[in-house]
Amino acid sequence: MTTTTEAPAKTPLVRLTACDKSYGNIIALGGISLEVDAGEVTCVLGDNGAGKSTLIKIIAGLHKPSHGSYEVDGVPVTFDSPREALERGIATVYQDLAVVPLMPVWRNFFLGNEVRKRLGPVRRLDIDFMRKTTKKELLDMGIDLRDVDQPIGTLSGGERQCVAISRAVYFGAKVLILDEPTAALGVKQSGVVLKYIVQARERGLGVIFITHNPHHAYPVGDRFLLLKRGKAIGYYSKDEITRDELTAQMAGGAELDELHHELQRGGKAAAEAAHVLEEEVQELGITHEPTAGS
Amino acid sequence: GGCSESGGKQAEEGAAGVGAGKASTARITIAMVTHGAPGDTFWDIIQKGAKAAAEKDNVDLKYSSDPSSGNQANLIQSAIDSKVDGIAVTMPDPPALIPVIKKAIAAGIPVVAINAGITSFAESGVLSYFGSDESLAGEAGGTRASEGGYKHVLCVIQFQGQVQLEDRCNGVKKTFTGKWTKIYVNGADRPSEQSTIAAKLKQDPSIDFIITLGAPDALAAINAIKDSGSKAKLGTFDFNPQIPPKIQSGELQFAIDQQPYLQGYEAVDSLWLYKANGNILGGGKPTLTGPFLVDKQNVDFVGKFAAAGTR
Amino acid sequence: MSQTVATPAPPARDERLGRRSALARLLARPEMGALVGAIVIYIVFFIVAAPFREATSLSTVLYQSSTYGIVAVAVALLMIGGEFDLSAGVAVTSSALVASMFSYQFTANMWVGVVVSLVVALAIGFVNGYLVVKTAIPSFLVTLGTFFMLRGLNLAMTKQVTGNVATNDVSNIDGFGSAQNVFASQFTVGGVSIRITLLWWILFVAVATWVLLRTRVGNWIYAVGGSAPSSRAVGVPVNRVKIGLFMAVSFLCWFTGMHTLFAFNTVQSGLGVGNEFIYIVAAVVGGCLLTGGYGSAIGAAIGAFIFGMAQLGIVYAGWNPDWFYFFLGALLLGAILLNTYIRRRAEASR
Amino acid sequence: MSQTVATPAPPARDERLGRRSALARLLARPEMGALVGAIVIYIVFFIVAAPFREATSLSTVLYQSSTYGIVAVAVALLMIGGEFDLSAGVAVTSSALVASMFSYQFTANMWVGVVVSLVVALAIGFVNGYLVVKTAIPSFLVTLGTFFMLRGLNLAMTKQVTGNVATNDVSNIDGFGSAQNVFASQFTVGGVSIRITLLWWILFVAVATWVLLRTRVGNWIYAVGGSAPSSRAVGVPVNRVKIGLFMAVSFLCWFTGMHTLFAFNTVQSGLGVGNEFIYIVAAVVGGCLLTGGYGSAIGAAIGAFIFGMAQLGIVYAGWNPDWFYFFLGALLLGAILLNTYIRRRAEASR
Amino acid sequence: MTTTTEAPAKTPLVRLTACDKSYGNIIALGGISLEVDAGEVTCVLGDNGAGKSTLIKIIAGLHKPSHGSYEVDGVPVTFDSPREALERGIATVYQDLAVVPLMPVWRNFFLGNEVRKRLGPVRRLDIDFMRKTTKKELLDMGIDLRDVDQPIGTLSGGERQCVAISRAVYFGAKVLILDEPTAALGVKQSGVVLKYIVQARERGLGVIFITHNPHHAYPVGDRFLLLKRGKAIGYYSKDEITRDELTAQMAGGAELDELHHELQRGGKAAAEAAHVLEEEVQELGITHEPTAGS
């Protein structure tokens, strides 16, 4: 109470404690805990079907956890709809993008956050502003749209993903959740997304970043949550894990290694595949010795 | 103020319905199965007649209806299943209904026919028929229009593909001396009905007389005549509380009533009589309840019953 | 339109865009195909049916179309929002019955009945919407249930209250005249009598169009119909939008019910069955997507006009009434084929 | 079921699967909710309506249901395949009219008329399907057009040929008896007379179920309804499947038309209007998704049974006929709510 | 005609010549030529919206080119539906996967290629075989499905993608087209896909492989087609281009470099982003000098 210079215990922006989620009899997530602090990037990593998207859907208010508690700013919450999460400044890029295919790009961009101007007693959409902003935000990502009135369903996969990302970045106020944002993106666009993530962190946002690419995850991440088959198999801060260890864990290192050896025992085709795989493995920084856990 | 100074329930006089004492015979169940559409005035009056008789005769009346003949046959079958004591049916589509009627008779249930089926009731084996002959009624309308010196009659059919309605129109055609035209309208949509009749009057200005086949349709026709600025006069089949004032005001020349109340009443009463005393009415011939022509002469007398909803 | 972006970049044409004529661009709008269909049908009848050429006939056709078209506008919004309302046809009759019976039985001013009926109508819409969003049962089924129930209630309540299947004449009740002026009057312009429903129709179409294209709610309507899960994910209050749309349909059903009541003084309890279908047809012929997310209010109005014109045009032309439905079907199919053909061409060359 | 994979791996339970009772697994099937609804309605009427308890009544109800249910099976397949057929109701009447008039006018053996009618029916189905796949106009609109056209044709042709709105009695024509045996006979089992349509219904449901679940075509039907573009992309002949489905509907319409003809000897040309709706309702109440890709033939049969039972049960119970539609609506809505509730529960606990 | 030992001019499996494609007034592809030989992997690379998917949709028979000719085995063809392409052994993994969400996994796997067995006069589905095969093929990709009867719409994004890939690999007979197959995949699954590609090449199939990842493209590719805004900006065989050149071209090297410099001129946040970006750029092997074009 007197002169402790110690910082008060920071309340994390978002805290999940022992969350479970099942779809009918399918258990997608079991006992996951997670904290996201302001100005911090939390990477969620894991195999296909590990439960990453399920986890972020809980945070985004799309699903309610079957068990466990969810706190925002230290206050327990139960979101009935993503709208409530959005109102608390939690913006999300979903893996399936959550766009309405038949609607024009700019209407998708501002959907749920329409900008309006007064016109006497009534308020009407500020279409001009929204069109311009959409065009500009996408240009910033390196997407030069022909026409912001094109239905978004006619854009290419990567273009659609860029719309979803720039929308979330534009409206994200406190927490930014990105579910495999770079999956369909070109090299340049991926670079821009990484830049956005760093910028968001700088502005004091909490970021949750899901990716399969350790090259993307390690440089920007502050904490790393590793999932496997719905369970957490590791939760590290950056100084607890090296890049190589991380990539090894992500790839299920030992198994990949085994696959590699198995292929080397095979015939010519397999050998060549093994060669490719070896390159891949080396790139991922996996040593041929089983990696030491954290 | 929220209250109306005129009209409304306040202005309504307590109209006495048809009432009588109650029979002391054992309670029986009678099913009435018609092809009427629910919510139609005409069939409502039939029901009212049947109810009045049921009240008097200590009868438990079960009414059901379906415009499709297959479904009507099934309703008759369900009456047989329910082991009722008597059945009153309409026979709009005799070949479709005769087999199941015969089944009822074979099961020992007396059956009478009403309203439709004058040509086939004998063959079906039912006890009696109460109703009007649609063709005859149509002919009466045609004669009456001819007498008025009209040159071109328009027959308005509110439901497509029904034999009874076609019979009426064909009856008109038979006796009318001038030109005859018909038109189909949507009887479930008043504005559409009105516009369609108005359009027809426009299309053929020589039409100087209209016959509608149902009472509510006459009201739409009155509007249509006003609308199109036509000079055509109007007659109608059937009757309801709105009709008498229109006859009195001259907007409607006549209404050909077939006394549905009587059909409903007689159906139940004759079945009760058959059960209670072995009586059969009609002697194998149809007992006609119409046509009964209402016009300016007799409208005042009939009108007050209509206001009570029993004519 | 996207050319208005005020970047300093030179307004050079994107080399990835082909040229596209102004006509092609116009024809690619959802309602334009229907409009061309309407014009063609109009021309056909103009040629074959002499009485059709008169202004009074057009007025009758427009009146007929407006009685479908007013509800069709709301049905179109609802359809764009991804739902159906099969109870719309009988709800019109319910509204008329409630207003009529309330004022008559309580000998109340007609306007009291009108307001009570509005409240009842909105309640029906709310119940429809609430059941749809809360149970997630398709609206086709929910409103089918309410369709049957209202149909039964119309008859049963009317019989209960009046002892008949039609309501009593309310033309002597206070306030009837003023209500009639609002809902069912007509006036003459250049010798042609115009029904007031036509004006109301135009107003409703204009408002609906404005709402759809220029307001946030309009954006949401397209969104919930286009993809409800995506809309929910980005924070659109899907349930509120849908309930609101059902209530909008009820509102215009109520309006049309009031028109029927004040145009005819009495109401038959069995009316309206089947009209729900005509409303849907008008919306779809006018370019609304049955699956939601696409369409326009003007399109629905044009669809209603096509339907009304086909219905009455056959009569004006004096074609054999036995073939009425055949012609009606052929005209509709023709209009739709034309509509599709034009849109296809416009898209290919745009 | 997936446990039958014969890998040497130990049949250990996947730790990512929760336990799920056999009952919950059963209840999660698309048609089970409808079945429970049917059982509840059956029990209700069993309690309140004495005549309903007898076997003969059940037989009547089943007969009534079968007349809806036979066409509903094909309509369900079509709906699973992502399309509607609004012309199904009047197509039944068309078939009956063609067979009857052909045999009568040409004094031909009844079977000739039956075959001619089949050819005509299949042609109608083909035209419907062809127009839908070639023009890409929604089937709702295309078959609405053919609905109106057939309705007009039924009346006009009948009047043209017979001078009346109904056909002549054909019961004296050669082959009538044998055709009646096939399409409209009845037989007695334990004192209860059973209509042959019931057997045909069961057969059609069984065949449809087998086709849906066990054949390639069935796979394709689900696929084209679930996502036509994806199906096309992986090589499913989408157009052929859809046209085939329309023809299947026509086929069962023809069958029901033959039943109507041989059960009633004459045919009224105005019949059938509105039944297309009942078929769709049966399919949807039975768990078919209106938007396609999901459903079952058995479900549609149960839906038809629910509808038939509600319709006749109200009569057996002797409830006030004024309230008929109200009860019908309430029963349907109740059945659907129950259906949804059960499915929801089963899914949550599965 | 006599004794020339020269190999006869090989007819390519697939040859496109000067193909255009526009959607309405949107020109997606202009004048593209491409050859795919047996036993060869052709990589198609390019920015988002460059027209890669449009190109492969033409080859797969989903679209017809607006202009230009398309030959299979040297014979000009116009496919009216993908079925015709499939019948010629051209199997495709589409970017949007082309699955039917409500159908079980195994039905999706075999859709259009159902395996049947005779049962007297009729033929019925061999459901057992199809279930087992699906389970096995997915296990080979490292996806251990709980239940092959699950509707495919309930699988995770990566799991769905694996189904689409293993389906195409299983049925591909002559040409295998993969549109960003590894986009949603984990590290291990990506490795398996690369292995599949090499195996397919060994078996003599022609492979068209679209990816944004140069680490994936270069090791397995034999030829590289680079697209930009609907036009071909380069068509190389492996010996004509180095990995670094390729990655530079893919990333639009010069532009990325500029972005990097621009960021360095900015404030603190931008500087950190620049740092990340620099890492990214280095990883891509872009030298800071403008790269020499081929």
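All chains are identified by letter, namely A, B, C, D and E, in their written order; residue positions are counted from 1 within each chain.
Rule of thumb we're sticking to: a contact is a pair of C-beta atoms (placed from the backbone, for glycine too) under 8 Å apart; a residue touches a chain by one contact, two chains touch by 3 or more.
Please read all numbers here as calculations on a predicted model, not as lab measurements.
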item: Minimal step count in the chain contact network, subunit A to subunit C; value: 1
item: Touching subunit D and also subunit E, the following chains; value: A, C
item: Farthest chain (mean CA position) relative to subunit A; value: B
item: Comparison of B-C and C-E (more C-beta pairs in contact); value: B-C
item: Furthest chain, CA centroid comparison against subunit C; value: E
item: Averaged-CA centre spacing for the pair subunit B and subunit A, given as whole angstrom; value: 73
item: For subunit C paired with subunit D, centre-to-centre distance based on mean C-alpha positions, whole Å; value: 31
item: Cα-centroid distance, subunit B relative to subunit E, in whole angstrom; value: 74
item: Computed distance of Cα centres, subunit D from subunit A, in Å; value: 48
item: Multi-partner residues of subunit B (at least 2 other chains); value: 38, 160
item: Touching two or more other chains - residue numbers and ranges from subunit D; value: 16-17, 151, 155, 289, 322, 324-325
item: Subunit A residues counted as touching two or more neighbouring chains; value: 26, 96, 146-147
item: Chain-to-chain touches, reported pairwise for every pair that qualifies; value: A-C, A-D, A-E, B-C, B-D, C-D, C-E, D-E
item: Residues on subunit D engaged by subunit A in the complex (per definition of touch); value: 15-20, 347-350
item: Partner subunit B, residues of subunit C touching it in the complex; value: 49, 51, 54, 56-57, 60-61, 63-64, 67, 103-110, 112, 151, 154-155, 158-159, 163-166, 168-176, 259-260, 263-264, 266, 268-275, 308, 311-312, 315-318, 321, 324-325
item: Complex contacts: residues of subunit C adjacent to subunit A; value: 1-2, 4-7, 14, 16-17, 214-216, 219-220, 222-223, 226-227, 229-237, 289, 293-294
item: Subunit A to subunit D touching residues, read off their complex; value: 22, 24-28, 229-230
item: Residues of subunit C touching subunit D in the complex; value: 135-138, 140-142, 144-153, 155-156, 159-160, 281, 284-285, 289-291, 320, 322-330, 332-333, 336-337, 340
